[in-house]
Every structure is written in structure tokens, then in C-alpha cells.
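Here chain A shows up in two complexes: once beside chain B, once beside chain C.
Let's look at the complex of A and B:
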């Protein structure tokens, strides 16, 4: 295999970045769409159905037929998808209003901080260990070169992810402050307190995998968590997963922890004064953060790009013949787990009522942090004793 | 092209350093406290970049995690809560500017006195590294985190623990200062 020159490796990295951006911009709109539909079905209705070719053409004919048979038309699950295009167009074309008393510079830079810190996390996430694909021989300039499954598989990947994600809180706090208005400021302050609080149990729950694997590199951790842990490692992994997921919901400001927005109390919280694509950036950043949290949960707890979660793959692999397709890592498993966790986000949103603000904080400090510490002790015990 | 990129790569430390200094200058010069905090955040991120360009990834990430993710958020929190009207803010800042210049000059003098040899002297024949018995079986360049942890928890355990007590003192002091008469 030829080693790439400097320019070639830069080109490969750029291609990887483009691939990740494509992945993000495919997953995010589909999540938005799924949110409408899944929430709808959770509440015994069909979700968004207005914008669709549901009455004319072949699909309309099939839909009408299925209604006639007295069933929910299968095709209606996809109705409403054209509405996404309208949504995006609206975000881009809408007038961009900056309040007269706002701090212009901070008002401008806050959505950018949110967005950048959400996307940049993907640099350290590897979708599949080792080579993802090799450029075919007809590809100009890059023929025969391998593309790895992650952009930068640095040896302190977990710290990079935590560090960059923790910068995201500035976007919300600064947006709240720069709007120069009551409700955004309250939303911003709340979210600062909430996100800083939940970062503590989140980080501690991620320390359990670090203790179990003895590494900080994303792909190495994913591999050892999936295939290398003993049967005893199951317990801290399951507990850690639940704690991590709870904190992840709070970190991404999703229901039941949507304090920064809190539609019923604060109008729209920190982004009340935002419109147009600036609001669109916050919206995108929220969904990208959801994807990131899902990717971390999938990588560290659900077995990464291996099939079975919680380290069961390592136990099953002993029974499987060596080199079986199902025993190896595949990017498709990783993506499938991310999508399942995104569904879980919507599922929880439709199921659990939201907390009061003091309850949110007491959940973090009184329950999650002690639980996460106990889990860490458990993991250390498993690591030392077994 | 290739040469150009390589030159940039070699001088990454200088680039990040200059950017960090620029950010620090804005911290001092800015009229608005929130802008100062933002510039401080920028400077901290640039310092993390400096660490990264020296292949000290762990330190760089710790810098982002601790300063950018934790401490500056609290700064911002306090600055946002303590609302100072524009005029008063201006007055306070201008009052302090002459002291600030003095402090900067003093800092430069102290810094150059301490680091004179480092900056102008001959380069050290060998790179700074962990003592041999600590670095055993460790690729320091690749396993940054392990090297730092061995240094902290094996080489300098006592000073490290004493430092944490100093932090605790600051914490208790802050609580005592913030507590009102109520008790």
C-alpha cells in the first residue's frame, strides 16, 4: 500500500470531512422528520402529512387504496418529507433580525460557536476501526490510497470530544446575554448552570470505560469495550450507559430537561430573539449534538461498530468461527446504533413529562453524580479484580 | 505548495502564540466585560493550540477542558450576573488602565529575567523528558496521558496533593466570603 504524500493526506482528510458533513446533513433532517412522525404516532396521530403527493399520482392512488381497506397507509409514513425542503428554504430566506439593543458581534458569533463546537467533535469519532475504504485505481491523484474510518484518531480522543463539546455551552450563554432581553438571559443563565452541572456526571460516567479499557483513544476504547472486556464488565457498562444517556439528554437540552428553551415559561429561551439562519444554526447544533451523544453512547457502551452491545460481542466471538462477517466491525452497525439512539431521544421526549428546574438540578447533584461515582468504583473494582 | 504547507506546520507554535497574545491584548483593551471574557476564551484555545503543536496533546486537551470548558464559563456567569452600566464600566476600566500598563511592564521584566537564558541562550542538547525509571516501558511521545499521570502521581505526588489543598482553601474562602450574616 503506497504511503500518501503531504498534499495527498490533506486531500484525504478533506474528503473525510466532506463525508462527515454529508452524514450529518443527511441524519439531521431525517431526525427532524422522524421527530414529527414518531411523536405523532406516539400520540395516536399521523404526524405531519400536509405537504406530500398523497392525493395524486401513484402514491396517492396507493394511499387511497390502503385507507379504503381500513388501514393506516404505509406510504403516509413518508408524507411530509417535502415539508423539510420548505423548512430549510424558510430558514435560509427569512429576514435576519438583529435587535436594536443587542450586542452585534456577540449576537453574530454565538450561533457559530454552537455549530462549530457541535461539528468539530466528529473529528475524533471513528466510524469503523482501521481502513474504511480504498480509493479505486481510476481516482485521480489518490488511486490506491486508504481512507481510515475516522478523521483524526488522536490518542486523547475522549478528552478532545469532552473539551470541544464543553465549549458549546458558550453559544447558548452568549446568545442569551447578547439578545439583551429578559427571557433569553434567563434561559442562558439556566442553561449555563444546567450544562455545567451535567457535564460532571457525564464525564464521570465516561471515565468507567476509560478505567475498563485503559485508553483514551476512541477506536481503541470502542474495540476493547466491545470485544475485550470480561463478563463482569457488563454491570458497570449497563449502569454507565444509563447514566450517560440521562446526562446526554440534559447536555443537549432535550426534553425532559429542556430548561434553556422551556417553551411554557421563557417563550423560546435563549433563542427568542433569533430568526432566519442564525436560529437555524442553533437548531442544527442541537440535532448534531444529539448525533454526537448518540455516537459516543454507541461507541463506548453499545459496542461501537460491532454488532452486540455491552461487550457481549467478545463473549460471543469465542463461539463464532474466526473471520465470520458478523464477528467483525462494520460501519453500518455503528450508524444503525446512532439511529436507534436518536429514535430513543424522540421516544423519551414523547413519553416522559418535563422536570421543574430545581428538580433538574437536584437530579444531577444528588443522584447522578453519586451514582456515577459508584459506577466508577465498580468499574475500577472489575478492572483490578477480574 | 508542499513547501509552503510544511513551513506553516513548522511554525504552528509561533502562529498560535501570536494569536494568544492578540487575544490577551483584547482582554485588556476591550470596553465590555463580556468581550473580554470572549477574548480570554480565544486566548485559552490558542494556548491549547500551542500545546498541540508541541505534541503535548494531553496538556492541550486538559487546557480546553479545564479553562475553556470550566473556568471561563464561570467567569462569564459572574460577568453576566454582575450587571455594570456602560458608563460605570468605562470609568472602572479607565481607572485601572495605568495600573494595567505598570503590571504588564513588571510582568515582562520578571518574565525576561527568569526566562532570559531560555529565550536567548543556546538550545538544550536534549529534550526535556521523564526520568528513566518513570518512563520505563512508555512511549512518551505517543502516550502523553500516561506520561503525565506517572509524572504527577509517581514523581511529584506530594506537591500535587498540596496544590489540591490550596485549591480547597480557595473554595472554602469563597464560600466564607459569599456567605451573608444570615447563617
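Let's look at the complex of A and C:
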């Protein structure tokens, strides 16, 4: 394999960035759509499961036509898509109001901070350990060069992820402050306290798989989990996983911990004064953060992108024809794990009510942090023993 | 260098969980409420004064528009107050149908309470489930009188029309499935840790305070006072019905939840009895075309889903309009207890307190 020149590596990195951004902006609208559909089915809503099952246009044709495509379960899943399209159009086209007494610069920059910190985390996430694909020989300038499964496969991946993700709280606090209004201020204050508190057990719970595998690097951890006895991380880390997931819900401000927004108390919390695409940025950031949390869970507790634990992967690889493109299916399985975790988010939202603010804090400090510490200690013992 | 300051905040009149146009002035120390003052009147239409300028027959449409979630119960109170004023005896079948519809209305009202209360606390699914069942009740309203919400269901002296064909089937079908629906809500809420954390010990109102403030309905019964006008001063066909008055002693939001859930079961029981024991006969008494009062004044109280709704009517000799009309609206009087419930609690608790009071601003402001 040829070594890339500086220019070539920059080009490859840019291509990777584009791929990741495309991934993010495909997954997010799909998650929003899935949320409508899943909640629609959970709660027996009429709109999101039936919109466009009507009689006009393409969808009408699909319903009425000779073949009645709409009756086939998979194909009937387009129902509800018009709602999604209308929603996105509304976000983009709506008037963007900045309150007269707001701090205009901070008001403007806050959604950007939230969004950027959410997207940048993906830099350190490997979708596939090692090489994702090799440029074919006809590709101008980059022929034969490998593209790795993550943008920056750095050896302090976890530190980067936690560091960048925690910047996101600034977006929320600044939004609450800059709006110069009381409900956003309360929302901002709540979120500052909540997110800072939950970062502690979140980080500690993530440390346990690090201790078990002995690496901070995303793809290396995945590789070590696939081989050896620490299979998938989930098996020895069930509690760690649950703690992580709970903290993940809190970090992304989802029910039952959606304190900063708590629509029935604080109207819309920190983004009460936001409209149009600025609000859209917060909205997108929330869903990107959900994807990030799910990706981390997949990487740290569900064995990264690997197909099978307990060394079974080696067997599968033997069965596959030599030179088969294994990275593709790996990436698909990684995404499948993310999708399952995103489904869990929606599922929980459809099931349980919201904690009160003081209860949220006591859950973090009185239960989650001690439990996470105990879990870490156990992991350390296991590591020494094995 | 640092100093503490209390923040004054306006909850409403436009706010997702003030159930209409209630405005609450709050003073907050952090998230703790130190001072709470409800401000009302944003929906004032002068219902009482309007009714004084209309005949006794015309007044009923205004009672629909007070507590629009329990229009039938309001209609019943109005019709019976007038019947008391004019000394009219209502046929037995009409009494049964009135009782039946009134209990259906109680279910609809309690379902709205459950839906919005749960939504306020974050349980979105219950909201949609409860509305699904309420829809069936509204369909029955529609079948009976053509209207779903503002029913104007009754007439002074009985009913305008008998039950439509097929109504009994609808009602029985609903009764057959309703217990499982209740179980569905209870599965989601009753033993839910978060639900209990948000409601147990929240927005307390002791029996003494409740009585001193004139609070009635499920809020009073959840404080251990078994006062239900259907039992204490039976009206319509309630004297012939076999039902219990559910009470709790904890006097908190969770107790009110339990009381209302139990009440829904009792309502279903009453409906069953009405359907089974429905007498035959006319549904309208013989009354004159023009009503002029003989007795001077009358107060008639009935048990609306939210508490005691009382109608005070003063008739003038020779006039076809009431001289004075006043409504003792349960929501208006129950709302007085909001500061008592909310002060000292957190801002999230006032949302639970408003929800548990089950207020409708149309009735409070009138």
C-alpha cells in the first residue's frame, strides 16, 4: 500500500468528514421520523401513522393502484413522511426572531456551540476498526489509498469525546442567559447543574470498559472486545451499561430527565425564545447527541462494530470468501446497534413521566456516582484477576 | 459580594400547563416557591348577567360554556334548579337518563383530568390513551343530542328526546372495555416510581384547610372527608343507585389520583345500573310554554366532576327572566387552595398542584 502524501491525507480526511456529516444528517431526520412513528404506534396517535394514506398524489396512487403497495407493511412505512417534510420546511422557512433585549451575539452563537460540539465528537468515533475501504485504481489522485473507519483514530479518543461533548452545555447555558427572559434562564441554570452532575457518573461508567480493555482508543477497544474473554463489554459491564445509559438520557436532556426543557413547567426551557433555524440547531443537536451517546454505548459496551463476541468472529471470517469486504457489514452492524439504542430512547419517552429537578440531582449524586465507582472498582478487580 | 434575590415569575396566562388562561404570580427563591397568587378573569364573559337577561329556557346554553369539560353536569344542575323553582316533577325515565349521561360526563371529565395531569408530569402516553376513551363518550353525546362538547342535554321538566336507538349498545360496548382501559392507565402510573415521586406528599391540603377554604369534590374526599352530594343530598336517580364514595386520607396529589381513579370505577357501576334498570315511560313532564316563578329563590347543589356546583336562582313575580342568577363554581372555590398547596414547594410542584385541582377556566371566570 502506498504512503499518502500530505495533500492526499488532507483529501482523504475531507472525504471522511463529508461521509460522517452525511451519516449524521441522514440519521438525524430518520430518528425524528422514527420517533414520530414509534411514538405514534406506542400512543396510538393518528397523524404520524396515517398521514398520506390518502387518495392524491404518489402516495394515493400507491394506496389505490392495482397493486395496493400501501398494504405491504414495509412499503406502507412512508405514511407520516409528509409530516416530517412539513416539519423541516417549517423550521427552515419560519421567521427567525431575536428578542429586542437579548444579547444578540451570544444569542446567535449559542445554537452553533451546541451543534458544533455535538458533531465534532464524531471525529474520534470509528465506524469500523482499521480500513473501511481502499480507493479503486481508477480514482484520480487517490488510487490504492486506504480510508480508515474513523476520521481521527487517536489514542486518547475517549478524552476527546468527553471533552468536546461537555462543551455542549455552554450552548444551553448561554442560550438561557442571552435570551434575557425568565423561563430560559431557569432552564439554562437547571441544565448547567444537571449536565455537569451527570458527566461525572457518565465518565466513571465509561472508565470501566477502558480498565477492562486497557485502551482509550475507540477502534482498539472494539478489537480487544471481539477477541478475548471480555466479550462485548456488556457481559461483565451490565451495571456499567445501565448507569451509562441513564446518564446518557440525562446528558441529552431526554425524558425522564428533560429538565432544561420541561415543557410543562418552563414552557420550552432554554430555547423558549428561539425560533426558526436557530431553534432547529438545538433540535438537531439534541438528536445528534442521542446518536453520539448511542454510538459510544455501542463502542464501549456493545463491542464496537464487531459482529460477534467470544472469538466467533474469527469463525465467520473463515467462512467468508477471501478478500470479501468485511468492513461494510461491520459498519452496518455498528449502525444497527445505534438504531436499537435510539429506539430505546423513544421507547422510554413513550413510557415514563418526568423527574422533578431536585430528584434528578439526587439520583445523580446519591445513587449513580457511588454505583459507578463501585462498578469501576469491580472492573479493576476483574482486570487484575484475569 | 453575593446577595440573594427573589425572582418574580409569571406562570401564564399563556403557559402549557395552566389549563387555559390562569395566571399565577410566583415569587421564587431558586426553584422554591415563596409566594403564589392566582390571578383570574381572563375568560370572563358575564355568564350570570347574561342569564338574567334571558328566559329560564334560554339559560341552559350558557351553563354548557362554563365548565366545558363537564357540560352535562352543568346542564343537570341548571335544569334541576329550575325544576325546584317551578315545582316540576320529572318523569322517572328522564331521571335515569339524566343520571346515565351525567356519569358518562363524569368519566369524560375525569379522563381529561387524568390526561392533562399526566401530561403535566411528563407521562405523554396516558394523555393520548385517555383521550381515546373520551372520544367514545363524546360520540355518545353526539348520538344523544347532536353535540359533543356543549351539549345543552336536558330541558326543564325532562328531556327533549328519548335515547336514540343503538345508544344502549354503544354504552354497553364502552362499559365492557372501560375497565381494561383503566387498568392500562394504572399500569403506566400507579406503581411507577417516578409518578409516585412526583405525586406522593406533593401539594398537601389537609381536611381542616380544605373545609375552611370551601373545597369540595375529589380534592376534599382525598383528605378523608366522605362528602359527596350524590349521597348526602341525592338528586336525579342517585337515591336508587348502589355506589360507594371513594376516599383517601393522605391528602396529597397521589391520593387525589387514587380517588378519581376509583370514582371512575364507581361511575361505570352507576351507568351499568342505569342501563339495567332503565324504566319505561315518558321523558318530559307537562310544563307550560312560558315559565313564571312562584317561589322566590332557590339554591340547588349537585355533584359535578370537580366538586359542588350550586345554582342560585331568584325569580321575580311576573317576569320570565331570573332576577338574580349566581353559580357556585367548584373550580373557582377550589382554586383558592392553590397558594396553600404550592407555597414552599418547587416550581415543578405547582404544575402538579394545578393539575390535581382539575380546574377549567371557563367555569372559574364565567
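By definition in this document, the second predicted complex is superposed on the first by the 325 of 386 C-alpha atoms of A that agree within 3 Å, B and C clash if a C-alpha of one lies under 4 Å from a C-alpha of the other, contacts with A are read in each partner's own complex, and residues count from 1 in each chain.
Keep this in mind: a contact is a pair of C-beta atoms (placed from the backbone, for glycine too) under 8 Å apart; a residue touches a chain by one contact, two chains touch by 3 or more.
All of these numbers come straight from a predicted model, not from anything done at the bench.
Visitor: Tell me which partner A:353 touches in the superposition: chain B (first), chain C (second), both or neither.
Guide: A:353: touches chain C, not chain B.
Visitor: Using the superposition on chain A described above, determine whether A:256 touches chain B (first), chain C (second), both, or neither.
Guide: second
Visitor: Output check: A:160 vs chain B and chain C. Expected answer is one of first, second, both, neither. What do you get?
Guide: So A:160 only meets chain B here.
Visitor: Between chain B (first) and chain C (second), which does A:295 come into contact with in this model arrangement: first, second, both, or neither?
Guide: In the superposition, A:295 touches no partner, neither chain B nor chain C.
Visitor: I'd like to know which partner A:364 touches here: chain B for first, chain C for second, both or neither.
Guide: In the superposed model, A:364 contacts neither chain B nor chain C.
Visitor: Check the residue A:182 against both partner chains and state whether it touches chain B (first), chain C (second), both, or neither.
Guide: In the superposition, A:182 contacts chain C only.
Visitor: State which residues of chain A lie in both footprints, the one left by chain B and the one left by chain C.
Guide: Touching chain B and chain C on chain A: no residues.
Visitor: So in the complex, the part of chain A that touches chain B is made up of which residues?
Guide: It is residues 5-7, 10, 103, 105-106, 109, 154-156, 159-160, 162-164, 166-167, 169-170, 173-174, 177-178, 185, 188-189, 192-193, 196, 199, 216 of chain A that touch chain B.
Visitor: State the interface residues of chain C toward chain A in the complex, per the touch definition above.
Guide: 7, 9-10, 15-17, 31, 118-125, 127-129, 132, 188-189, 192, 194-195, 197-198, 346-349, 351
Visitor: Along chain A, where are the residues that touch chain C in the complex?
Guide: 39, 42-45, 182-183, 186, 190, 255-256, 258, 262-267, 349-359
Visitor: Can you name the residues of chain B that touch chain A in the complex?
Guide: Touching chain A from chain B are residues 1-2, 5-6, 32, 34-35, 38, 41, 45, 48, 57-58, 61-62, 64-65, 68-70, 73-74, 76-77, 80-81, 142-145.
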